[in-house]
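Both of the next two complexes hold chain A, though its partner changes from chain B to chain C.
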Partner chain A sequence: MLPYLAKRSVSLVVVLLAMSFIVFCLQSIIPADPARAIAGPTAPAATVEVVRQQLGLDDPMLVQYGRFLSNLVHGDLGTSVRTRQPIAEDVRKYLPASAELALVALVFGIALAGLLALVQNTMQNSGWVKLAIVAAGSTPIFLSTLLLVYFLWFRLGWLPGAGRLSIRRFSGPTGFNLLDGFLVGRPEVSLDALLHLILPALALALPIAVAVGRSLNGALHDVMKQTYIRTGRGKGLSETAIVLRHGLRNAASAPLAMIGLQVGLLFGNLLIVERVFSWPGLGLYTVQAFATSDLPAVLGVSLVFGTFYILINIVVEVSQSLADPRIGL
Partner chain B sequence: MTEPVLTIKDLSVVLSRDGRANRVLDGISFDVAPGEIIALVGESGSGKSTIGLTLQGLLPKESEPKISGSVLLDGVEIVGAKPGVLRAARRQLVRAVSQDPMGSLNPTMTIGRQMRESGVGDIVDWLGRTGLPDPERIADSFPHRLSGGQRQRVLIAMSMMTGPKLLIADEPTTALDVTIQAQILDLLRKLAREQQTAILFVTHDLSVAASLADRVLVLYAGRVAEIGGVRDVIRNPAHPYSAGLLSARFDFTSDRLRPLPTLPVERSRPRDATNACAYAHRCPIVQEDCTTIRPALRTVGNHSGAAACLHAEQTPAATDTSRTRPLWPESVVQRSAVALELFQISKGFATGAKNFWGVRAPRPVLKSVDLTIRQGECVALVGESGSGKSTILRIAAGLLKPDSGDVSRVDKIAPQVVFQDAVAALTPWLSVGEQIGERLRPLGLSAEESRRRVAEAMELVGLDVGLMQALPSELSGGQCQRAVVARAVVVPPKLLLCDEPISAMDVSLAATTLNLLGDLRRRFGMAMLFVTHDLAAARIIADRIAVLQHGELVEDGDPDALIAAPKAAYTRALIAAMPSLHTELAQ
Partner chain C sequence: MQTNIFDPKASMRGGKRLLGLAAMLLLSAAPVLAQETLRIPYFTDIGSFDPDNAFEVGALSAINNVYEGLVEYKPGTTEIVGLLAKSWDVSPDGLTYTFHLVTGAKFHDGTPFNADAVINSFTRRRDNELVLSYFLANVKDMQAPDEATLVLTLNQPQPSLLDAFSSPWGPKVISPTALAEHGGDDVGKTWLNENAVGTGPFKLTEFKRGEEYTLTRNDEYWGTEPFFSEIQIPVIADVGQQILQLQADEIDAVPNNYPWAQLSGLPAGVEVTAMPSMALVEAFVKPGSPLDNAEVRKAVLTAINPALWVKDAFGKYATPAKSLYQVTMLDPKTPVAFPSDMEAAKASITAAGPIKLVLGYSSEEAKNVGRVADLMIAQLALIGIEATVNVLPSGAAYAMKGDASAPDLYISRSSPDAAHPENQATVFYTAGAPLNFYGVELPAADALVKEAGTKTDIPERNALYEQAGQMYFDAGFFIPLADVQDVVVSAEGLTDLGLRPVFPPGNIDFATVHWAN
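Showing the complex of A and B:
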């Protein structure tokens, strides 16, 4: 375990370096000018030049990159062009909302995937289940998000369709409203937060559920043909015990890897879903950064997402090895 | 007489495959007394495994089983029973040990937990009773830490600890080494006697049946051909099929100068044998009434049992018919020309303990092996699992690189390999003809010419040319092995490598395959490396036997000389562990 984590930490640093370099290079290729963006569209060229010098944009690329890296080590992701705040500050502000949404979406997605696989495994050849999966799998996320909003919020009014809470001005110690409500002794806030979470989390969970569910179903289908399953039946175990105790764990490896892959897509989908639901998180922040050519912000957020992606995949690999003792770390 | 623990009456089972119904069991009736060991013997496809699955109520749902008749297990009717009744029966009355110990244990659950799931009992005590060393440690381990023999002991302990009335042992030793096989058989016999557990022992090997069982039941095409005391049937078979099975099995005394006697090859089984003897189309003493009357099981003069043959009194004695078969042609070994030379080959695999950085230490598998095969010579490489024999074969084939040492082959054509699992060695989506013809491609023949060559090769190995367009899934296991051999010899190589080609086959098929390989190597003057754990097969096919133990050649010599006077202790153990009909009957 220890050498594994050591090796993984090294690869984390390498990947982050590569990622920072790529995004950094993009700055010089994309014809958007941060100096112009800060100075404003009507500012005279001289002002823009002053801003450019202030930002150090005239230095050679390597010097700029070196400066960026040394700042990074000190937890400084640079300054956002749009909010004029340190990006690290912005990330700290918006991360909890996105993290809470992403986590709940993952939980929904995995739960739905399990349900899907079990239903498919018990109801072999059910055309309706297959049709539903194909429909859910082939709907683009922006469409499914809009459909959810339209029906469950706009037409039926069952669930709130925008924002994190109905009340304004609430802040708790963790930034996770779901928890903070309980922590400050206002459980009704937690309930409200949950209601607000359901629709966006569901929109994000659908693609995860389809991908992971299909992978789990396929793996389970193969596992249930193994001889040890017959050994289990031969012991007189019930079918439920066989699936839950002998089937799931042996089928876990492929769907776990699929979860790791889906997390990357989830981060991309956050941009769309947070935009539609006006969710004050990193996704929305990134969308706005794109709209205003706020490249330092885009770079900062990418690094944050990249770090989380790698961390989550380490968790995935550790769980794979926990599920199957034959997979060593 | 005590009440039988199992009474089967007129049991028929119809299974569907790809929409086609197939009568797998056809009017089976027999009793088993408490503590009795009864062997079910027959070829692949005779329905012997289906009996076991029916008793457990575990016939695969997707084959839509239709069961009729009656199975009374300790007073409980199994046929048509509700799932709850079947589960209770599986928990308390009937347990099974399968032929695949490697796959029968859940890899993600400790042995102890899997045993606890099985029922109440002292797990450590039971593991110890099956002869496993350090049972506490084994209870805490995961299955992949155990060898095949150890896993089979665990499975036996798991079944026997619940004190079942009946144990179904479905070829429990086929996947194990001969030396382990004898121990497992002893263990089964001992535990069955102690616990008064009856055993249904499914096997295709009559000598294994003879060493264990009280009675034998010979199955053919889902019908009982013969039933009787195991010694009686072996000494004096009443059904021509039993006699055929007996003469097809080979051991250390078989004549190796001639092809082995075999059962007539099963061509197409007649669709409807309702009013006929199912064996009629293969029977050497078939008469007119055999195709119009279905023979009932009746008492016979040969022994106290019963046989389903109208002409049992004419069944030939299972004597050696060797004098009627022609001798193999003279040896074609060329003393001077070498087909394969391995010089000081060493090989290790990284499977040892991990160091701090997660790198596994190499474990040596081959330690400086020298082996020379002359042109036209067949060398059998014998050794138990893990001795490194398959590694040698892979190195000889060029599939693996040795860590050190030299491999020299003379032939420009790459050596061809015949693997144990013929079905897995064929690509499922290419027709048999395409796969055989693939090796002709470099020759640049016309389509017509290569078709002719493929047909020739198929005829040579005894494969119906009509199967050229068939996919491997439409072929039986024996036909698949023939297709693999045809692919190997369509452009005859100077060196043919065989990796346990017969170890998964029943007796008759194994003898047929040995004859085929023996014929082909003589016909083309091919050298052959024949890897096996079966010393009897090695003696029959090979000019020379090399014995491998722990990655070193411990003995090398003429087959008969080596078996008559083995030098290495390991070779002696191998010989002693071989079950033999003659020694069983002498007791």
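Showing the complex of A and C:
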């Protein structure tokens, strides 16, 4: 395990370095000008130049990149040209909302995937099930998000359609409202947070559920034909016990890999879902950063998402190895 | 009674036990809003609340209700009226401005307002290379002969000074006590990003990036007390979400970006407030485009005559532009004339051979000028010109100068900093102007602009600016298209929104707005 973790840590650094260099190069290619964005469209050229110097944008690209790496070693991701705050501070502020949403979406996605696989296994010839899966799988996230908001909040009023809390001016110790409500002895905050989480998490969970569910169903289908399954049945084990004890564990490898892939998509989808649901997380932060040419913030968030993506895939690979020891690390 | 809490009845109707239980718990805990709470969303976070160091566009309604300047534009007009200065005198040579300040005003931290406070604040803005320092670049000296008198001496006469001071981005007064306490080694730039101590009718009481900002009425305000005791400003980035929330009574207005096409069919309970604005839609013509040919240019002007499409683009909320200046800024004696003979235009294009044009606009402007481009393409097709659209990424327009691949016609909304024609001409049209996108030059017209900038007689001044504008138009550099209004969609009964033409659209004045009943 340790050699594996050491190897992956090195690859994490290499990947992040490559990613940061690519994003830095993009900054010099795309026409956006953070100095003009700060100074405003009507500011005189001299003002824009002053801002450019203050940001260090008048230095050659390699000098800027060297300075960025040097600061990065000290945990400094730079300063946002939009919020004027250290990007690390912004990330700390916005990350809990996104992390909470992403975690709940993953839980929803995995639970729905299991349910989907079960339904597919038990109703293999149902046209309705196939149609529902195709519909859910082919609906673009922006459309499913809007449909959820429109019907479940606006038309039916079952669930809140925006924001993290209806309770105002709450600030918890961790930033995870689900947890903070209990930590400060206000369970109503946790319940409110949960209600606000359902729709955005569901929007993010649907693509995960379809992809992982289909993968799990396919793997289960093969596993359930194996001889050790027949042996279990011969021993008189119930079908549920067989699926849970032997089927799922042996079929887990492919869906786990799919979860790893889906995490990358989930990060991208956060940008859409957080915007529509006014969810104050890193997705919304990034959307606003793009709109205001806040390239340092885009770079900082890319590195954060990249780090999480790699770490989650390490967890996935370890889980695969634990589920199926034939898969070495 | 308005409330923004989750509706428990709807939940129970849905037969969702969990939701019902949760809603009941919430009902016991969530605060119920008073009637005097106004809920106005912003599309984006406030980047910085520092009135000297940020070019905020959407958040001016908040900043300018917390901070005040010496003068301001009267709502709905470009008339300059006193604010922290009740009156002012200008010396005959135009170099000395004496402001007579209000007395008895206090900052939100209790510090008395006086002339020294103004000097302290103005010095901060002028001398520290802040984003908006250029507003005071011409101020040489500031003196306070007494607490209620401020004397500014200029380097050179600047008849547009009061407009600059009335601009939404013009100099504001910050508490000297706050600046002394929180100035640190960066003249307070860090602290003032998220904190504010002004003299305005509202105090900034909550600054929660990405979520919500709250302003609370300043009960010791020196002027007229505002109607609303609290302003809640949630960040709602999606206009669709804003529209639904307005209909669900969770917010009180969609301040801007309401789709033009939907304004004629609003649901019950909401209404439109439309006021003049400084949003002038115009086209910037690339040198070397087919429009260099006089016959082609005439034909193109015939086809894109705004009178033919402006209603399709903006409904009743825009009029064909009269000149290269916003009609609110300068109503020309002789409006620009577009030819009207479509058959002749068609014949000219046939004679000139196949003509292709590329129209362009910035992705940020898609909501406002995207439809204009589409309609212009349709119009150009009528005379045989094949036109296409190139949507430019944010900021790309600044790199179009000398770029052969840039669009032939770049369509944009011009919104100057202030209502003085100098702000329009020297920002968009003169040589080296920051938004003269193609870098075109017409020295004779620039000379007229320069001369006009020295005039204090308004008719004389406007005549010169109008003449210069006509010259830029005749030279084929710029084409004025439409004067577009500032449109706010709100709950029925929200009135006196205090919209000012110079402010970017949707900046409601929280000090004047109130419910009709």
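To be clear about the criterion, the second predicted complex is superposed on the first by the 329 of 329 C-alpha atoms of A that agree within 3 Å, B and C clash if a C-alpha of one lies under 4 Å from a C-alpha of the other, contacts with A are read in each partner's own complex, and residues count from 1 in each chain.
By our rule, contacts are C-beta pairs under 8 Å (C-beta built on N, C-alpha and C of every residue); 3 or more make two chains touch, one makes a residue touch a chain.
Because the structure is a prediction, the values reported are computed rather than measured.
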First (chain B), second (chain C), both or neither touched by A:L146: second
If touched residues of chain A are counted for chain B and for chain C, the larger one: C
Touching partner for A:P187 - first (chain B), second (chain C), both, neither: second
Which superposed partner A:T79 touches (first chain B, second chain C, both, neither): neither
Partner chain in contact with A:R168 - chain B first, chain C second, else both or neither: second
Touching partner for A:G40 - first (chain B), second (chain C), both, neither: second
Which superposed partner A:Y94 touches (first chain B, second chain C, both, neither): second
Partner chain(s) touched by A:P160 [first = chain B, second = chain C, both, neither]: second
First (chain B), second (chain C), both or neither touched by A:L284: second
Shared chain A surface residues [contacts with chain B and with chain C]: none
Contact footprint of chain A on chain B as seen in their complex: 56, 58, 87-92, 95-96, 98, 100, 103-109, 117-119, 142, 144, 155, 158, 354, 356-358
Contact set on chain A toward chain B in their complex: 2-4, 7, 226-228, 230-238, 245-246, 249-250, 323-326, 328-329
Sites on chain A touched by chain C in the complex: 30-33, 36-48, 50-51, 54, 82-85, 90, 93-94, 97, 146, 149-150, 153-154, 156-164, 166-169, 186-189, 191-192, 194-195, 275-278, 280-281, 284-285, 287-288, 290-293
For the chain C and chain A complex, residues of the former touching the latter: 4-7, 10-11, 13-14, 16, 19, 21-23, 25-26, 28-31, 44-45, 47-48, 53-55, 129, 131, 133-134, 169, 189-190, 193, 206, 208-212, 234-238, 240-241, 244-245, 247-248, 250, 364, 392-396, 398-399, 416-417, 423, 427, 432, 434-435
